[in-house]
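Each of the two complexes below includes chain A, the first together with chain B, the second together with chain C.
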Partner chain A sequence: MHAVFGNKKAIAVFVLPALILFILVGFIPIVQSFYYSMLDWNGIGEAKFVGLKWYKDLFVDDSYDMQFVHSIWNTFYLALLSVCLQIPFAFILAYILGRGVRGEKFYRTLFFIPVTISSAVIGLLFLSVLNPNYGVLNVFLDKVGLGSWQHDWLTEEKTALSGIMLPAVWQWIGYYMLLLYAAIKGISEEIFDAVKIDGASALRSMFSIVIPLISPIIKICIVFAVIGSLKFFDLTFIMTNGNPAPATDVPSTLMYATIFKRNMYGYGSAMAVFMVVECLVFYYILQRGFKSYEEGDS
Partner chain B sequence: MVKLKWNSKTAWLQLFLVMFAIIQFAPLVWLVLTSFKSNIEITGSNVIGFPEKWLLSNYRNVFVGSNLGLNFLNSLLYTGATVLASGLLSAMVSFAITRMQWKLSKVVLAVFMSGLMIPVHATLLPIFQILKQTHLLNTPWALIIPYTVNAIPAAMFIMVGFFSSLPRELEEASVVDGCNIYQVFFKIMLPLIKPAIVSVSIFTFLAAWNELMFATTFISNTKLMTITVAINSLRGLHTTEYGPIAAGMVIATIPTILIYILLSDKVQKSIVAGAVKG
Partner chain C sequence: MKQWMKRFMGLSLAVLMTSSLAACGGNNSTSSNNSNTSSDSSNTDSAKDKNEKIKITMWSQFSDPNSKDGGFIGFYKALEATKAKFPDVVIEHSGFGGEAYKTKIKTASAADELPDIFFSWGGGFAQPFIAGGRALPLDDLAADGTLDKLVPGTTANFTYDNKLYGLPTNIATANLYVNTELFQAAGAKIPTTWDELMSAIKALNAKKITPIALGAKDRWPAMFWNSILDIRMGGVEAVNAALTKKGSFDTPEFVEASRKYKELLDAKAFGANPLGTSYDDSIGMFLTGKAAMLYMGAWVNGQIDAADSQVKGKIDVVKFPEIPGGKGSVDEWHGGSGETFMINAKVENKDRVWEVYKYFMETMGKEVYLAGSGSSAWKGEMGDTSKVDPLAVKIGELSSTGTAFSYWWDQMLSGNETESMFGSLMKFTAGKSSPEEFNKELQSKINPGQ
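For the complex of A and B:
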């Protein structure tokens, strides 16, 4: 038996194609980005080694007026919206549907539809919804007599950021609803029955039974929502491209523009590397946070 | 009395769900309605309501001067190739990691799983450089290869979990019957992991079809563009008309919506499986 399942040649045949591809196109590029980030290079001419100069420029000097730090805060804002608005709403929907209601499957299927649509379409769609002259939102406000609430949503500094972040929140509610719904469905009916006999109110049983039982999934949702926010790209790229700068800039769109518009390969790579480190750090912090919360809880 | 209370509670829940359904669905309905309206309606006379006359002209005009039909086929090709390649490659690695005996299997699994945490943004410029040097920029390979690589970690996440849940008796029996390891994989295991392959394929399809950053960067030839990039560039072609763009957006959405309507339970299972091992 071992001769068959320990066959070295067969293992190589099964593993190497994917592993080589992954190392060449997934792993080495990350290492290369680290190296590029220490170069002064426009992609064509001679590259000059500058050490950590770009990192200092990102956070201290900002000699090209990129306002990178501001762009990081913008993604934190999205992370906050996701954790405080998107996931709670997703949970409420998941709870209502998961505990059984008429039309359960219909609603579940419908709420998830926006997730399947490409963010390019979602971006263009909300670009027209928010159009100042003939967008649905302003026309609607006018019709119901709230004309004074109208805004040029995506060019005014105060509303532009929410104008691109709220569509993202809207699009992905169904995703978190589905994950939470599957988890709630996994709780055995006996547990709910026991609580009912106990006389616990629906609200109390939600907080004392359901949330602790599905906390592993809630954690996954929070991790995905936060990390996803840090990597945010599509809707900014489609809807505003960072304008009115720096109101809607995010690190990934700044990185894109720095590399491919300004041809500053080193500077842009420093932004890319920052994002890698940032995602890993947040992943670690969140895991630690959950752990100490659980320990404090028990 | 108790029954009455229950009824009003149900009514409130239904009201809440209906309101949410409208919020989640109305923008999409509005998009479809817009794609059938004239430019005059879209830009003022009838922004919200149903079209006065259901016009098909937007769906004709969107193909004039653009390569949208080609872009649609490109997306199908790139996405299809990605689904096949990443599905086969990750099934092979997952099989070797879970069913075969070798020392480095845990390490190799960890290497692939690291791909789940690291943002692909950091690979954008290096891959661009590699593609440029190998003259693969502006070819289908420029997207098929990176998409395949990016799909492998999530696909393996699902498949390794699925393989681990299968009993070993069947493959051991088939070895006793004289199957070699390749026959075990292709004839015995691949049919067994079909549910996982379906999940992975749906997952990969959605990700690749909707991808934007790589597609914008690695392909600038309009004839080779994907549909998501192409509809964004329609804004340059139809600067004053929104109807054809809306039509293009509807066309770009048809395959994913179609898959979702036909396989909605499987799609939902696939999304859950991609996030939670189980």
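For the complex of A and C:
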């Protein structure tokens, strides 16, 4: 084993297939997009080189009134909800399940079900729940005498964004729960016994034992949640398609509309490139954040 | 390439012949089959390409053969008829529904992988295909007398730089459908004037009946109302001029039209939540008798008069009322001919494909009419019309006196302009901009620098 991994050539041979695949379907398209993003091109006809014009238009001119900057804030809102609501909630569920509760397997499966359902189904499900005319939510409010609380949830600006983001948060709780649950299950029982002998409460053992021990998984969850929020697409596309613009627009729905509806491949590619860069930057910031946190800890 | 194609054709013919003969003859020995097919294929070679089997690929938005939509029924009937009429042509059709089709055809066009014949909308939608040289100009081919068979004006949306790129099938108009039973229940009069429309809305609302079904969530149904009000206030000529960059949206007439639209919204004419209602929801409301009016294209006829429809026989259709002070007459229509099929510029066997295409388009025009969705853009006998949907006949009568047509905005405008137009319209419908601001925005986005 050691001989194989000591051999640089052997490593190269084993890495090569995956590397070629990644370059072909990952790296080259990104470079290509960057090139397209400097063209004024409808995807079919002649392309004209315009340099960084589209990037300037995204953040300064906004000639097509798409409010791209607002759409970025929308994804930040989702990222905030994910980190502050989704992951803590997933952790609590994972902790309860992981420390033993009757019907553990049953609940584990139950909470994981939304993850296995396709986003299209979830989108349609919540569309009918939030429908202003016959949706369960409005009907319920009406029946319990709170008719004045009724809203046209997905069309009123104040509620539309949350109307999409909360289902998204709900959908993925099970996923993070499973990751954290596996991590908690991996902690040796002896540690808990030792803590118990030392007289620590359940709460104390959670903060002093469980969270520090599973912190690598928590970090991964946070990275997934933030990056996933920045690229968020499916539920917005299915539920409101960005309307009432710009209340529920996210960069990826704008990108889709720009390329496929407005026929502006260059402009859309500029959005795509921005999203790639944005995700990389956030990944870097998060890693730095974790590192300084660890250094401050020790 | 040619050589290869020929060999392929010969081979596929041989396979087809073998299989068909095998099917007929049952226990025939394979050796005799082989001799048959080889002689046949040499025959076709000598007879040039007259009887050679050709394959035509075709894409359309008609994805569901079992749909009750008249357009779909007509399409599939015409497709079957064409297959029967040209036995030596194999038509391979693939259908993709709605928005998916638009994406599909745009990507295929970008990659230059379009099929031989493809469904397209006229106006701005097809502009990139034309500019990219993807579609075949039909002027020379259509000079064989085909043009004389068409209703005048129906090719306007498929003509770019004075070149024709598609034949029309049908003339689709948007019509005001009224549920006579609900009008009676509310004691309202079927509107023939704007004032009658407004008082009907009041009477219907008093009875807790949604006056007008509108699925503004899907954006384009709201556009229909905006367009017809613009047509009634400014006239078709002014609307078409503005859409084709020869006029302006920022005129007193169009601002007044937008005020009328706002008046309707304020009067709760479209119910409490038009923005949260999708097109399907709105059609559902009308078909279950929850809404009294619907301004929609003739393609809903089939659903209204379907056997299981709850409103069958209770629906009448009227011309959209005139607005006092408006320049548009009651005989100006929103609609026209805007759906077509185009031929790939790189098609092989151009002349034979044209024959098939021409026959198909004319048949589809008639079949769609017989299925009750819009009159045919082709002149001539329609055959037995006794079974045609009564609403379609009525619409045919109403629109026969039509003087001018203005087509759907989202097809007339380019993709980019359409998105901007929808953006402004949704903002206006949600009450976030005034009639003046809305029309100024339209002008600055669609006709910038004018």
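Some notes on this structure:
One rule holds in what follows: the second predicted complex is superposed on the first by the 273 of 298 C-alpha atoms of A that agree within 3 Å, B and C clash if a C-alpha of one lies under 4 Å from a C-alpha of the other, contacts with A are read in each partner's own complex, and residues count from 1 in each chain.
In this section, a residue touches a chain if its C-beta (ideal position, glycine included) is under 8 Å from a C-beta of that chain, and two chains touch if they have at least 3 such contacts.
None of these values were measured; they are calculated from a predicted model.
Applying the stated contact rule after C-alpha superposition, one finds that A:208 touches neither chain B nor chain C.
Using the contact criterion defined above for the overlaid structures, shared-chain residue A:252 touches chain B, although it does not reach chain C. Between chain B and chain C, B touches the greater number of residues of chain A. In the superposition on chain A, A:103 makes contact with chain B only, not with chain C.
In the overlay built on the shared chain, the residue A:287 is in contact with neither chain B nor chain C. In the superposition on chain A, contact of A:133 is made with both chain B and chain C. Within the superposed three-chain model, A:42 lies in touch with chain C and out of touch with chain B [touch as defined at top]. In the superposition on chain A, contact is made by A:260 with both chain B and chain C.
Using the contact criterion defined above for the overlaid structures, shared-chain residue A:121 touches chain B, although it does not reach chain C. Of the residues of chain A, those at positions 43, 133, 260, 265 touch chain B in one of the two structures and chain C in the other. Only residues 10, 13-14, 16-17, 20-21, 23-25, 27-28, 30-31, 34, 42-44, 47-48, 89-90, 92-93, 95-97, 99-102, 108, 111-112, 115, 117-119, 121-127, 129-130, 145-146, 148-150, 152, 172, 175, 180-182, 184-185, 206, 209-210, 212-213, 216-217, 228-229, 231-232, 235, 242, 245-246, 249, 252-253, 256-257, 259-260, 264, 267-268, 271-272, 275-276 of chain B touch chain A when the two sit together in their complex. Residues 1-2, 4-8, 10-11, 13-15, 17-19, 21-30, 32-33, 36, 43, 93, 96-97, 101-103, 107-121, 123-126, 128-129, 133-136, 139-140, 143, 170, 173-175, 178-179, 182-183, 217, 220, 224, 227, 230-231, 233-234, 237-238, 252, 255-256, 259-260, 265, 268-269, 272-273, 275-276, 279-280, 283 of chain A are the ones touching chain B in the complex.
Here chain A touches chain C in the complex through residues 42-45, 64-65, 131-133, 152-155, 243-245, 257, 260-265, going by the rule given at the top.
Those residues of chain C that touch chain A in the shared complex are 102-103, 106, 109-110, 128-129, 131-132, 134, 217, 219, 271-273, 275-277, 281, 414-416, 418-420, 423, 426-427, 430, 445.
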